[in-house]
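Presented below is the structure to which this report refers.
Which chain is which? They are A, B, C, D, E, F, G, H, I and J, in the order written, and residues in each are numbered from 1.
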Amino acid sequence: MDFLVRIDTSDAYELPLDERNDLIERERVRGRELMAEGVLRHFWRLPGRRANIGIWTAPDADALEEALTSLPIWPYADIEVTALATHPMTRQMAAVRP
Amino acid sequence: MDFLVRIDTSDAYELPLDERNDLIERERVRGRELMAEGVLRHFWRLPGRRANIGIWTAPDADALEEALTSLPIWPYADIEVTALATHPMTRQMAAVRP
Amino acid sequence: MDFLVRIDTSDAYELPLDERNDLIERERVRGRELMAEGVLRHFWRLPGRRANIGIWTAPDADALEEALTSLPIWPYADIEVTALATHPMTRQMAAVRP
Amino acid sequence: MDFLVRIDTSDAYELPLDERNDLIERERVRGRELMAEGVLRHFWRLPGRRANIGIWTAPDADALEEALTSLPIWPYADIEVTALATHPMTRQMAAVRP
Amino acid sequence: MDFLVRIDTSDAYELPLDERNDLIERERVRGRELMAEGVLRHFWRLPGRRANIGIWTAPDADALEEALTSLPIWPYADIEVTALATHPMTRQMAAVRP
Amino acid sequence: MDFLVRIDTSDAYELPLDERNDLIERERVRGRELMAEGVLRHFWRLPGRRANIGIWTAPDADALEEALTSLPIWPYADIEVTALATHPMTRQMAAVRP
Amino acid sequence: MDFLVRIDTSDAYELPLDERNDLIERERVRGRELMAEGVLRHFWRLPGRRANIGIWTAPDADALEEALTSLPIWPYADIEVTALATHPMTRQMAAVRP
Amino acid sequence: MDFLVRIDTSDAYELPLDERNDLIERERVRGRELMAEGVLRHFWRLPGRRANIGIWTAPDADALEEALTSLPIWPYADIEVTALATHPMTRQMAAVRP
Amino acid sequence: MDFLVRIDTSDAYELPLDERNDLIERERVRGRELMAEGVLRHFWRLPGRRANIGIWTAPDADALEEALTSLPIWPYADIEVTALATHPMTRQMAAVRP
Amino acid sequence: MDFLVRIDTSDAYELPLDERNDLIERERVRGRELMAEGVLRHFWRLPGRRANIGIWTAPDADALEEALTSLPIWPYADIEVTALATHPMTRQMAAVRP
């Protein structure tokens, strides 16, 4: 199932610069892994904000929780999760495609 | 997985009395079915309000959506869903029980 | 550019049943067109709610406004739009893919 | 009676690491005791958040207050309590069960 | 235990005048009964608003729910309930009084 | 006249322990005086929160302000005041009592 | 004592035109009386809104409630009251004036 | 001085179609006049919403109130006004321009 | 024109005591000047809060901004400004007074 | 396309004075560049607040994000972005102008 996930990382900007840079580097590595695994499907910057919004895919909330707490930035992040249900029209479109 | 679901049924109180009574009766029948199926696990009245709050169990958000839209009161209800993840302590307790 | 768009259609449920059914049918037709044109890229039901959330793609806000007001449900819909910026990591991933 | 209790522990993450680890360990011990006593009945993680939501059972608000302030994390926790009333349908189901 | 209860009766002002007057009269009768029973302990008008705020006493949330839904105005009222715990200082004061 | 007063003392929990204990002791002394003077009439803990809610009686807002700023905890407290008006039914009940 | 009072009269705009005009005329008469009595001291339009904000003076909340419910527009008005305390600097200025 | 003005016209969409069309036509005429007078300086649609946001210029709040209440749509509009002050940098830029 | 201005000075209470006392003294001096100049017309304490609410008079928002930023407490203050328009009834009353 | 951008710079006021002055100076230089490039079109102070509100013009959200993150104050700023669509009346006016 899919989740809409908003991650605000403002608090990480209060870390000392070298600690923050190290955190960002580790965050990128983990982010790429989650993208490669198909968990982190799409994500965007919210313009002007120290936050991103993304579509995450996981079998259930436990798997999503595991993915989110694996982020190095998790202890500093404010995360909001919204469960998403498949829209009937999306299902119909998928059904008729070859 | 579990979901915390808050259902506000205030709008149903604007229906004519016989229509409302019929709706409540059909709602009870469907509610009992969902309880028997283990989908609607626990639920409570919010004292003084025309609303209830409950713990629902479904494989994913699609199955929950199907259950919620099957409620006769759905067209009149304001429903808020929060996805829940298993707490590590609950998992440990379950593991040590015979 | 991409936009996160939340469309609440609760007010349409106050229409007489045949008017509502006609509206839903026309909405589906227009929705399929927008999906085919690549404007409406992904969308989901918010479980339990008479609302959907989607990712829309349009050159700018004028083109998005044109797409949204072309929806038959527009006069009854409560629509919230959030502009999205490309995330640097998405850009990097796209760059290294063949 | 039952209570819905939301406990946000974000502030505890600002403690030095050893102090935090000690706190978490003591919190687990007290949590297990409250579960064994039947006060803390069910609880879940809110995915992505440093918070949990649970169903607590206590004779009244005084007994709940005593249980909540006995948590080692209490001085750092932001706690929201909602009183719950038995739903008539739950009562009926219990009555017909053997 | 005690509860802080805020009752907003604005919706009742949309009833036809004679229906509203009849409702107010029945509400007063029920209110006096609840005061005599010691359930409705203190209550006040919120100046300028069609609302009151009161201290209610009931063994638990079920008994409070029963009292609140017995109000003739209940179907038109927006009611907010806050559970209250005894303050340690109030307990001490009571203990030393003859 | 009466006032509903909500006092959140969370910020006092950031003081060093001995400073906080001293503050609490002085707060209790002043609280008892205000209770003896009939200014602080009733008050309760909000279960789980570092806050109390009370009914205060003072001739007007100036006298209430004087009482509230006399609290040792005032510089650390977040205080919300709601003016209350006598409810007509309370007045009638008082009139018929011997 | 003084009160800050915000009166939103939007609902009155849903009345039939002649009923509304009659209401406005009676409201003006009552408003002038309250100004003459020194109860309604200053008031302003909130630009663009069907609302006004004013400084009202009354011995206590009971007297204010009496004045506000005497407004012909009261059944249609949404009224918010904030109790105000004399500022020490205002008191000093008044003391030194001849 | 300048004002940021947000005008939500959703309520006008509940009028009968011919009444609404007539209102929109009159609104356009008045809007063009206010643009010609330099009162309505810039304005935009909020994409997807039945609302616009604009920069209005008027000597003071009285003149703005006069302009806003002259809009045919005023009785149906929800209007929010924010007073704006000249930014020091804007003033400097203007000073150095020929 | 008049403005409703709410000034919350809570942050100033986090200054060292002598710095805070010095600030308060300078604030009083500046406050008296603004009162003498007719800019700060009326102001009140919000009972229990470290905040005041006042009626300020200035030709426009630029002049108000200049007055507010001249307050020594400005860097620590949270200030909310609402533009006020003359009420037609106030104008009429003024017109008929000798 | 145009964006309404609100920038709150309160956090920068917690920097040491010389660091803050340096930041403000660099901010002014960058601000002038963005004005010269036609990106930052209009902006105003919100009276009394450490915040400004402006109209920014950029091809899309990516270009806006690039402009906003180029601001020296960005790491300390709280920025809210609203996408704006051309209003049909503005388009008509532009069309008829020579």
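One rule holds in what follows: a contact is a pair of C-beta atoms (placed from the backbone, for glycine too) under 8 Å apart; a residue touches a chain by one contact, two chains touch by 3 or more.
All figures in this text were calculated on a predicted structure; none of them were measured in a lab.
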item: Selected pair, greater C-beta contact count between D-E and A-D; value: D-E
item: Centre distance in Å when chain D and chain H are each reduced to the mean of their C-alpha atoms; value: 51
item: Between chain B and chain D, centroid-to-centroid distance (C-alpha), Å; value: 21
item: Distance from chain J to chain D - Cα centre to Cα centre, in angstrom; value: 45
item: Distance from the mean Cα position of chain C to that of chain B, given in whole angstrom; value: 28
item: Set of chain C residues in contact with two or more other chains; value: 2-3, 45-47, 61, 64-65, 81-86
item: Touch relationships between chains, expressed as pairs; value: A-B, A-C, A-D, A-J, B-C, B-D, B-E, C-H, C-J, D-E, D-F, E-F, E-G, F-G, F-I, G-H, G-I, H-I, H-J, I-J
item: Chain I contact footprint on chain H (complex, rising order); value: 1-3, 59-62, 64-65, 81-86
item: Chain F residues within the chain I interface of the complex; value: 3, 5, 7, 61, 64-65, 68-69, 74-75, 77, 79-81
item: Chain C partner contacts - residues on chain A that touch it in the complex; value: 2, 4, 28, 31-32, 35, 42-47, 52-53, 55, 82-90, 93
item: Contact footprint of chain D on chain F as seen in their complex; value: 13, 45-50
